[in-house]
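Below: the structure, in structure tokens.
Each chain carries a letter (A, B and C) given by its place in the written order, and its residues are counted from 1.
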Amino acid sequence: MNKKHKKTQYTLAELINGLDASIKGDPDCVVTGVGTIQHAKAGDIAFLMNPLYKKYLPDTQASAVILTEKESADCPVNAIISRDPYYTYAKIAAYFDEKPLPKPGIHPSAIIGEDCQIDPTASIGASCVIGNKVSIGAHVVLGPNCSLSDQIEIGENTLLDANVTIYHQVKIGRNVEISSGAVIGGDGFGLAKHKGVWQKIPQLGGVVIADDVEIGANCTIDRGAIENTVIERGVKLDNLVQVGHNVRIGESTAIAGCVGISGSTVIGKNCLVGGAAGFAGHLTIADDVVITGATEVTKSIREPGIYSSGVGGLVTNLEWRKNSARVHRLQQLVDRVKALEYALEELTERK
Amino acid sequence: MNKKHKKTQYTLAELINGLDASIKGDPDCVVTGVGTIQHAKAGDIAFLMNPLYKKYLPDTQASAVILTEKESADCPVNAIISRDPYYTYAKIAAYFDEKPLPKPGIHPSAIIGEDCQIDPTASIGASCVIGNKVSIGAHVVLGPNCSLSDQIEIGENTLLDANVTIYHQVKIGRNVEISSGAVIGGDGFGLAKHKGVWQKIPQLGGVVIADDVEIGANCTIDRGAIENTVIERGVKLDNLVQVGHNVRIGESTAIAGCVGISGSTVIGKNCLVGGAAGFAGHLTIADDVVITGATEVTKSIREPGIYSSGVGGLVTNLEWRKNSARVHRLQQLVDRVKALEYALEELTERK
Amino acid sequence: MNKKHKKTQYTLAELINGLDASIKGDPDCVVTGVGTIQHAKAGDIAFLMNPLYKKYLPDTQASAVILTEKESADCPVNAIISRDPYYTYAKIAAYFDEKPLPKPGIHPSAIIGEDCQIDPTASIGASCVIGNKVSIGAHVVLGPNCSLSDQIEIGENTLLDANVTIYHQVKIGRNVEISSGAVIGGDGFGLAKHKGVWQKIPQLGGVVIADDVEIGANCTIDRGAIENTVIERGVKLDNLVQVGHNVRIGESTAIAGCVGISGSTVIGKNCLVGGAAGFAGHLTIADDVVITGATEVTKSIREPGIYSSGVGGLVTNLEWRKNSARVHRLQQLVDRVKALEYALEELTERK
């Protein structure tokens, strides 16, 4: 979160201050916002990363474009030259982020429990309810209507958007961002059937979320059964991701929306998981693994690489019905091939 | 939302007032509620649309049944004749909807920011928290515990159920209904890896939701990265739908539950998307496309039609294991067929 | 929820009081918490159920281990002997559950409607908003920020965690647990297309949740269209489960995370549904059915058994592309086999 005092316009020289980038053109050119290379208007800064968009460069109306030295030859306007234009864009775009930054202090409508330590620079939003023995670090922001139970720790600079729920004994690091509707520390799905009736297994572990983690809207991260569920440093979760009890997600792994991870699965570092993928429980996934979207991960993965499951390919529903029927009749085809092999062998021998 | 003053009973004549329907039987018959054709009791009105339920018509205990002229011949009770019985039912059922309609006004426990324009006919529920520069139109209803950030516009007659979260700079049209737990305008999943560490791309676009849209419970609709995420007029989203940044969903498209739409995908008008389908990012889907349930849409669709992916068909787990193994051994089958072709050719040539 | 007064330590004799279990070792051994058999420290009690973990038994640092008579021979520490160690663990672990138990009474910041009956032993959390004619039984706990509409009944001992939303006319039984972010009773997805425009079908049914049900975080359970949506006794839902209108889930059925159940589907008793499975609408599923993870249930199931769909098996993305291509070319293979059969027949006849 960018705490610096915001202006509404910046010169190119100001924008690249501190960045590994240079200006080709007018350093005093004034920028008032961002735009896409094809739709930007005067005053906007755009960036070029995807070669598919290069065709828009000659006609761009942007006041400046962030791009590589090589692409800058074709840039009709001011250029910011960077070896990593997307990264440079990320840093520059932060100047134009209008996400409201609430003032420090505790809103009078917030309800705070006993024995809490709330840093005076933290901002606790309206109608937040905070339990007992909660520790909230410097520059933390809690949006309105957040619910925090007891014995929670939140590290400095962490941001909870409106309406986040944190159960007891959850520990959240620094520079973490949690989007609205996320629920951290609910009971894991632990059940034992006894005499035909489900018996709940008490979920006594907590959740530990390391620094620099992002958690998307309406994600659910369950507390551990005995030990903790752990989200390591720099992990990024998109929206509606389900993380079961005692899962561990390794450093800098990024997981797209609608993914479900069953209990006790351990995912390595620097993995990429596509949307709507699912993980069975008790698996171990190596570092540097890529799981494509909608893949069902049903066994552990020991080697880095790209993995998928099922049968892919979008077709017409008619073709799909035929494909499906063919798969369901595969044994017949195998039998016919076997019969052919037998008949041919007979024929050959008879000769 | 039906703002008309509610009674607890209506005559058939009152119920069809203004509708393209007629009564066969007693127009003064009193109706006090709705029922299914098979379970309705005296005082209920039922409807017949699905031919599977026609068998229940002769014995129905309903006081009246909404059906077509043709089916009315077999109706043993009062009939409301309509060319579109389901639509006529929809209009009539609205009289019996007991969803509470709160009174206009701002609940004293609500927290309202600065420079807001809240129409006096709007109802702001208890414990709502509203930011600065928010504009709320006539007859809008916000259920309790809603969280609205800054610079939000909500058009007239729009309904937010309890516990909806709206981020800053979201624009919502008229006659929109948003169910509880929905989160509109959270950050899109924009990341750039720089020196091995994920760098967040600021999400500076907003969300624009046109008139007559419905958004189900616990849906998540992300704000755009630069330009807006757009939900066009009359779009209907079931529960737990994830809409990524810069997605555009075309007019009157209906999307069933648990669907995920990755960033920058554009879906056409009048599409139907089955439950748990998923869309990769940056795709373009034509108008009038039907996507069947659980389909993975991995490429753009240029023509109207029905589309599916993968291999369908529910079977026993044993058969499934066999099918799966056969698919994984398909290359062996291909090789055996190739060997047969070769052997046969040899045999034929030798003759 | 365990209402008994909590201590921080217990002797083994105290822990097995009332249970069908016995002690081998020191009944006065003091236990202060739980641990896994491999990581437990002095003072912890552990359990052994999964044979994979038996290797850790000889070196366990636990003060006591819950296990079967047979396994107890190899137990180097105090043993609690049970025929069902996991169940015995569940009962014992409840002594160490530190989930905060709020005091009875209505928090002064809660907003309560008219004509409500709230048992004096119930606890209504901070910032809860409760509508009119709501009945809340003995020892019920509502966490903070819950939103309840009108005409809701909640049976005794039921627990709603923070930030649960209940729509009007929902009936919840006894000993139910609902996790944060769950939304019960939102409108079902009922639409009729009339002159090219979606018309909403009013959703007039309610939701009935029987005793001993558990509902996970961010689940959505829609109200019925005319009759009720019904969750029978002892049903257990993991997180992010979507239950459509007029669904009925039978007694003691357990459903893992991210499952979607379309409208009017009836699931039998004692079923197990794996994560991310999906059900089409209007299906009937027999009792004692097991649905494996990610299965698409597209037709009714009449017999108990284990069912799956599609093609399973995690492979490398390269192998997956080849598999997928082979499936899409299956007709060619069928044609080649047919040609071989024809050629061979010709050859045989010619001889």
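To be clear about the criterion, contacts are C-beta pairs under 8 Å (C-beta built on N, C-alpha and C of every residue); 3 or more make two chains touch, one makes a residue touch a chain.
All values reported here derive from a predicted model rather than from experimental measurement.
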Chains contacting each of subunit A and subunit B, listed by label: C
Copies subunit C and subunit A - interface residue numbers shared by over half, same or different: different
CA centroid of subunit A to CA centroid of subunit C, Å: 25
Touching two or more other chains - residues of subunit C: 109, 127, 145, 163, 181, 218, 240, 258, 276, 310-313, 315, 323, 327, 330, 333, 337, 340, 344, 347
Touch list for subunit C against partner subunit A, complex: 2, 33-36, 39, 84, 86-87, 89-91, 93-94, 96-100, 107, 109, 125-127, 143-145, 161-163, 177, 179-181, 212, 214, 216-218, 234, 236, 238-240, 252, 254, 256-258, 270, 275-276, 293-294, 310-318, 320-321, 323-325, 327-328, 330-331, 333-334, 337, 340-341, 344, 347-348, 351
Subunit A to subunit C touching residues, read off their complex: 109, 111, 127, 129, 131-132, 145, 147, 149-151, 163, 165, 167-169, 181, 183, 186-187, 189, 191-192, 194, 196-202, 204, 218, 220, 222, 226-227, 240, 242, 244, 258, 260, 262, 276, 278, 280, 290, 292, 295-299, 301, 305-313, 315, 322-323, 326-327, 330, 333, 336-337, 340, 343-344, 347
